[in-house]
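Read through the structures below before going on.
Two complexes are shown next, each including subunit A; its partner changes from subunit B in the first to subunit C in the second.
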Partner chain A sequence: MTADFRLPRGGRIDRDSALRFTFNGLSLTGRQGDTLASALLANGVHQVTTSIKYGRPRGIMAAGVEEPNALVQVAEPFAEPMLTATTVELYDGLVADGLVGHGRLTDEPDPARYDSKHAHCDVVVVGAGPAGLAAALTAARSGARVVLVDDQNEAGGSLLGTDDYLDDRPSDAWVRDVVAELDATPDVLLLNRTAAFGAYQDGFVLALQRRTDHLGFDAPRHIARHRIWRIRAKQTVIATGAHERPIVFGDNDRPGIMLAGAARTYLHRYGVQVGRRVGVFTTNDSAYVAAIELAEAGVDVPVLIDARHDVPPKLGAECAARGIDVYAGHVVTGTEGRDHLTDVHIGSLTGWHADTVVCDTLLVSGGWNPAVHLFSQLGGALRYAPGLGAYVPGERLPTARAAGSAAGAFEVTTCIEQGAGAGRDAARAAGFSPGVEVAVPVADARAEETPSAVLWSVPGEPNGVFGAEYVPNAPFGSVPDDARFVDLQRDATVSDVLRATGAGLSSLEHVKRYTTIGTAHDQGKTSGLLAAGIVADALGEDLADRRPTTFRPPYTSVPFAALGGRDRGELYDPVRVTALHDWHVAHGAEFEDVGQWKRSRHYPRQGEDMHAAVLRECRAAREGVALMDASTLGKIDVQGPDAAELLDMLYTNMMSTLKVGRIRYGVMCGIDGMVIDDGTVIRLTEDRFLLTTTTGNAAMVLDWVEEWLQTEWPHLRVFATSVTEHWVTVPLVGPRSREVLATLAPDLDVSNDAFGFMTWQDGTVAGIPARVCRISFSGELAYEINVNAWHGLALWEALIEAGEPYGITPYGTETMHVLRAEKGYPIVGQDTDGTVTPQDLGMSWAVSKKKADFIGKRSFARPENLRPDRKHLVGLLPADPTVLLPEGGQIIESDHLPEPPVQCLSPHSPAGLNRAHRVVAQPPVRMLGHVTSSYDSAALGRTFALAVLRSGRERIGEKLYVPIGDQLAAVTVTETVLYDKEGARRDG
Partner chain B sequence: MTADIATRRSPLDGWTSRFTELAPAVRLAERPFLAQLTLRLTDTSRAAAVSRVLGVELPETPCTFSSGTGPHGPVEVAWLGPDEYLVLAQPGLQRTLESALREAIGDTHGAVVDVSAQRTTLTLSGPRARDLLAHGCAIDLHPSASPIGTCVQTLLAQAGIILLVRDADAGEFVVLVRASFATYLAAWLVDAGMEYREYREQPV
Partner chain C sequence: MQLIPCPWCGPREEVEFHYGGQAHVAYPAESAALSDEEWAKFVFFRDNPRGPFAERWSHAAGCRRWFNAVRDTRSYELLAVYRPDQERPVTT
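What follows is the complex of A and B.
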């Protein structure tokens, strides 16, 4: 049932507009400038949903981010879960439903864009209420760079919810003037609809800007919907205002019960009366103003219940003049109503008087909690202010200060004064002299007369007095034993808190986890302090003596999509490509990810799977000629008089004896003697070398070199420079490679005598200056041709053309892996895992015995590294030459697998002993090692594998087993080199 | 070398039309094939000789670059570390400069490496160039913080870059990016600039 609760005048809404929207299936109309909540209230809709645990009807309680109840799921234009109706700006066509606790994520792809932006300033001001505006303007007038963020659609903060005058003008005129001046000041950035949700060390503030949500269906697609602002400021001013605190009483959760300040906001900002007959329950003067203003707007306000015995004289008189009965020393003891409030039970604190008042709405004010969240996030200590019943900033921070209501000031002129002061101090701390002072206007707001009382919860018994007669329509169907709700979203009551303290919990952090209070979407903005107060009372302690909980980011919910920003799809992670990438794509390459690189894995022809393509590519490399893109190999230029000395320390083998013009394979170990990388070293001149590294370790090796040079050996005159991407590297492989190269490099003598294995020459290939190296990672005759990357594609295409008569075949990393494995060449990171020494790999020949020292040398003498049963790299030949062993497969001795479950504890252990006393027996199946590489080989005509195997070299010839599923594959241990053991193919 | 020019291809070959769509808010272009040399020099007594070769003083202040015109035409020298510089010169000069610099620094306390193809160069200018960079670069590029001559090594989106501020007030920047990251960064820039294509409107 709906009715019109829009007042004939007032509000910051466009009365000529008509925004149609659907809520819970109901077609309704609101106005431009409404929130979903204000539009619902204007239609007389209070109930938004039912509660998560007890299924009790719940309505709109607040007018901002502190809303604990009114969760909605937006269905149109795009599904978005768990928004508060009080923060959704209304637009035409909005479809939303009330939400019972949990939202639902859509499985549709999100068409919106999200992004982020960095901003830098001298002073960031959070909140554009009276304090924040004054702070920003003061800082701006001093010449500071200012960023002002505010979560509302327009500046003004609390002023938007009042009809106060400043300097005899409506307060929005003052706001307009300040905003206009800020807009006109260079280097001032005012961000509306932007919630600062995190404040961190060093002046880092994160904020979420909702840029197009309010446009609904008209949101332009090219504009990022949400933007994360990463703001870095020298000084931070926190002017985040305050949240009104409710009071706990029996059945305090019925729709129609709301915060008094929220009712003021709905009245003045949206032109909405929240009810026809409105009662007020307060502990402080501020709710009197709400009562008076509602009465002035024509609303029937029969009663104001004040828990204090002393009524503020002037405000009390104003109430009396408007026919509002003020009950001093009274509290609300309970309420009635099913889907909406109907009656309010009141009683005197002394117990001699009780009454029931018919009301459809009850406004509640238990005081105001300064929004100290960001101050606390920054590590600022909080202090309990007994007069407020709330925490306020309790210390001075060097780079942040709070002002206005966030600092516990509630009079508008005080807020403006404090804001101006904070802006001045912040600018000064950032190095700016104050400019023209911001004049503090004269306000007509009613002043506070009587101090606030602090009341967390109305005293009384949970049962009997409170609405236990209520029949829930909850899906979960339970009836609460107490209807005094502390956290409405979590359906947590005073009894729940007392159960926690009764169970011996005293820390609020523990009580929070025990009761779940403060863990919902609102993070306890209305409930946290109530819970703290109730706990303190239950324990007979003073809140001032208790440590407050620490506020942590985010202050309000932040969608993951916003945090993800534009780092999704093709921009999720950088894709590194070589200069030849487009050719690979055009020629149908399948790619594999190697770190951030895309590398061609194979080039399937029509109808080929990877297996077929790899066999074909391997055959071409072994029998004809083939080429691949090896540009991703790391390359480091090392030069200086001490370059050879450095390399002798970095590699296990001797590099200083390498002659200019020659190349040597080298192994690098960590200080633990384990292999970390391998590659080739080319001696360019007496004091200049070019190292290659594995693709994945290029950056690591350069860092490694720099670390040693900068921290241990700064005396060495040597410089290392990455040149990985300066070069395109193309291995030209196969018995016909010499002929292809000769065609393209007529001035290069490519004969084996003139151009021997492991030597290099500079020359011209296909008209391009090139460095050609006789390096082979396949065992075949091969040349690695390096050219400036700009010419890489020209080189590649020339090689393809020149090799065409020989059937030249491009091959990918998979074929490279097979070819090298057939020759027993390990790949660091595949056949090694950080626990493998050069000796384990059978590379003792690469470990110098002459060098006095090198990285890892000392570790080779450790007993652990000398154990005969270390795992060695070996070859495995499956007995069935068609069986492809799984990489990672375990190697065992037994030819049968025991039935599961495998018993690992001794069956003879006495049953009564605890675990520690049982004897752990040998596992029945001893795992001897595992398969590291496994392929089908065209050259061998069978499958084969490399493996690391305990005492592997002593087991050559042995028959062992590798489980594949529930089968065992028999394998024979072999040496690692399976193809061309004599190395006859190397020289063509 | 004539073969050079006939066959060379820059990392962002083919991106021009996509870059042009960002104008007039952002004028984005690749300036390919610049001669780029890494210069390491620990012997400061050689700095004068280097300056004579380049016609530009080596930058002494960290995170700055110097520029000028010398015997080899316009040159920029970026400070990358306490003894590390990046020399940028006109295309084709890398070999000439490499030997000239090697001669100037001697053979004991420095190094010269041709890294011309290691990175490519992007120029960004226009009224929204600084905004565009602010979407992915955490450095404060306001003229008061990054005046003309600023040079920083930083991240733009997830790619490491060297950033030179040519004209802080007019918003003119040079971005050097590793060749393998160039297409990622180009795609990122074009995507980030989507809002600024409608430059006539103020963004929301």
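What follows is the complex of A and C.
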């Protein structure tokens, strides 16, 4: 049911436009300049949705971001949940529906772009109302670089919702002049549709600019839909205005009940009358103006109910002149209506007078809350102002100041004065002398006559006092035992608050969490202070003595897509590829991510799955010849006269004794003695080494080297440089590798005598200068060939060609893992987790006993690291050679799984260590360790695993169990080296 | 997000920096001479004061150099930045 509520005149809308939109399936028309809310009201639609808990009809209550009720889900042009109808600018073709509490994310990919931009300035001003405009203009006139952000589609702030005159001209003329001067001033940036949602230290302000939302279907794709402005300013002026505060009374949630200031905004900004017969309920003078202006616009305003006993004389007389009955000392005690307000019950606060007034709309004003959110976010203390019944900035901050309504001033000239003062002070603090003063115009706005009263909630018993019978109008859901709503979005009532205080809660932070008040999308903009006041009254305390809740960013909702900006999809994280990547792609490699690297995991042939491919690749490496791309290995060039001394401290091994031309495997530990990385060290010259690191730890190890060099041993003359991407590294592996290399490197003597294990030589391979290292990560004869990355592909292709007669096979990381695991070589980060010492890995041989000190050494002697029941690296052989143990699988002694709940005893708990204690009805299951690597082995003809196991080396030969789902796999503990134990294969 | 004044680069955004814990905790010259308790104190224990605290920072996404800073842990305000080889300056 719709009707025309658009007034014949007024409003900042384009009356020649016709924007067709659909709401809740209803086809409606609005005007350019409307919000969805104003367009709905213009069509007589108040109800937007039903409430989340009780299913009660809910309508439009506000005209801005403070809206607690009118949540909508936009369906077209792109699905977006949880928007308020009061902040969605209308466009042609909009399709939206009311939202019951929870939004629905679309599963369509968002086609829009989002980005962010930095802005640096001397003064940032938040809010382009009277105070903000005056602040920005004053600062700009002093020569300061100014950024002015405002969340509306045009500047003006509260002036947009009035018909006030400034200096005998409509106020928008004053606004136009200021904006024109700002636009003409260099280094001033005015951003509309830009909501500052967070203020942080050091003048950092985050703002969300909605750049194309208002264009709907016409939004150009090449313009970022939203932009996050990252503003860094020397000084911040907070001119964010104020939000009107409702009053709590029985059935205060019906559609048709709205804030008085919102009705003024709908009248003046959108040319919409919010109802045909409008009552007003207030505690202050501002709602009188709403009543008078609506009456002037031809709306029937039968009553104004003022909780105060003293009526403002002039405003009261103006009301009387327009036929508005003013009831002083009265309150609204309840309402009637189902999907729309029909009647308002009123009662005297002191006497016995009660009445019922027929109204389709009730305007409410309980006063105004300064929008102190950003000030509080900056750590500024708030002070309770009893005259306002609200918090105001309570201290001076060195780099931020509030002005205008945000500072508790409500008359337009005061706001302009304060704004100009704040702009001048901010510019001066940023180092600028004041320029030409901004003249304060003369305003015709009606002045406040009588002080406001503070009324959080109409006193009385819930449900039916004053004779107002509560009719549950919920079509579904449960019925509240109290219909005095504090937080409409959360369906939280006065009784809910009193339950919290009754349960002993007194801190507002606790009450908020107990009742959920203030935790909805609106973050309690209308409800937070009401709850605070009701709690204080219930506890018999003064709000001035109580601590307000802390305001935290964001001030208004920010889409995650906007925060993500360009950092999604391909741009989310850099993708690193080796110089051989295109070859791998062309040859059908499957890739895996290792850190940011794409590494070839395996090279399946037609019809092969990974399992088959890996078995084939392993066989080639063990029986013929195979090669892989190991270019991702971290490489660090360490140079300087003291390089050897540094490496002696960083590695557990002795590196200073390494001869030029030789290579040593090395382990690095933290000061706690735990392994952090491993790799090889080759000595290039007396004062130059090349370190390799695991692929994923390359950056960490370089940082580690730098940290010790810079902070502990700055006297060491050493430089460390990452050269990871300078080299292409190709291990050529297998019994036939020597023959392949000999073909391509005629000037190298590749015999074992001339080119021994763990030595390196520079030479020419396939005509390319190369460094060849006898390193093996598979146990097979192997040569690691390093060439300048530019020549990597030429080397690789030459190796493939030369190896062709031997069936040379490219292999990936999966095969590399199987080969190394068969030899019991651990991978740092897979078989270790930061709690594993070299000794735990069975690598005492890599720990120098000669060096006086190295990082980690002292920790090896800590009692904890000498415990006999530490977890050791071991091998596991499943009893069934086809069973592949899950990596991460727990190892237990029990041959059956107890019914859950399973009591878990830590081996450290005294009772847990005693076997006798474990004979109980419900035996606890001790976790002895876990599987770290698990593979099917072509060489062994069976599955196997590596694991860390408590007292593992003492358990070799023991039979243990690994749960797989609800089954148990029996395993035998073995040494780590399962293939070629005597190491006969590495020399070919 | 804070601005952190790198002694070499000037003020830069917090995200460019890496935190390195308490400053002026030197690696013990004679680690073998320390008791288990003394060693554990070096490895695992750091101060956590309310107020000015001397910390190590690294300009990890900038000049990659380490420096020390005195930071008030109540306000996050950086009261001083100085090179690792300098004494902790007097701050108020």
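To be clear about the criterion, the second predicted complex is superposed on the first by the 782 of 988 C-alpha atoms of A that agree within 3 Å, B and C clash if a C-alpha of one lies under 4 Å from a C-alpha of the other, contacts with A are read in each partner's own complex, and residues count from 1 in each chain.
One rule holds in what follows: a residue touches a chain if its C-beta (ideal position, glycine included) is under 8 Å from a C-beta of that chain, and two chains touch if they have at least 3 such contacts.
Bear in mind the structure is a predicted one, so any value in this text is a computation, not a measurement.
*Asks:* Considering only the touch criterion stated at the top, classify A:W597 as touching first (subunit B), second (subunit C), both, or neither.
*Replies:* It touches subunit B, and subunit C stays clear.
*Asks:* Quick check for you: in the superposed arrangement, does A:D4 touch first (subunit B), second (subunit C), both or neither?
*Replies:* Neither: A:D4 stays clear of subunit B and subunit C.
*Asks:* By the touch definition at the top of the document, which applies to A:A224: first (subunit B), second (subunit C), both, or neither?
*Replies:* first
*Asks:* Let me test your reading of the model: by the given contact rule, A:V577 touches which partner, first (subunit B), second (subunit C), both or neither?
*Replies:* first
*Asks:* Pick one for A:D880: touches subunit B only (first), subunit C only (second), both, or neither.
*Replies:* A:D880 sits against neither subunit B nor subunit C.
*Asks:* Tell me which touches more residues of subunit A here: subunit C or subunit B.
*Replies:* If we count touched residues of subunit A for both partners, the winner is B.
*Asks:* Quick one: is A:R232 in contact with subunit B, with subunit C, with both, or with neither? Answer first, second, both or neither.
*Replies:* both
*Asks:* Which of the two partners, first being subunit B and second being subunit C, lies in contact with A:D14: first, second, both, or neither?
*Replies:* Neither partner.
*Asks:* Please write out, lowest number first, the residues of subunit A touched by both subunit B and subunit C across the two complexes.
*Replies:* 232
*Asks:* In the complex formed with subunit C, which residues of subunit A make contact?
*Replies:* Its residues touching subunit C are 200-202, 204, 232, 379, 671-672, 703, 706-707, 710-712, 714, 852-853, 857-859, 861-863.
*Asks:* Applying the document's contact rule, which stretches of subunit A touch subunit B when the two form their complex?
*Replies:* Answer in residue numbers: 113, 115-120, 145, 187, 211-212, 215, 220, 222-224, 230, 232, 566-567, 570-571, 573-579, 581, 597, 632, 637, 639-641, 687, 717, 719, 721-727, 764, 766-769, 788-794.
*Asks:* Within their complex, state which residues of subunit C touch subunit A.
*Replies:* Counting only subunit C, the residues touching subunit A are 1-3, 18, 20, 26-28, 31-32, 34, 36, 39-40, 42-44, 56, 58, 60, 64-66, 75-76, 84-85.
*Asks:* Enumerate the contact residues on subunit B facing subunit A in the complex.
*Replies:* Those residues of subunit B that touch subunit A are 1, 3-4, 7-11, 32-33, 38, 40, 42, 107-111, 113-119, 131, 134-135, 137-138, 140, 142, 144-145, 157-159, 178-181, 183-185, 187-188, 191-192, 194-195, 197-198, 203-204.
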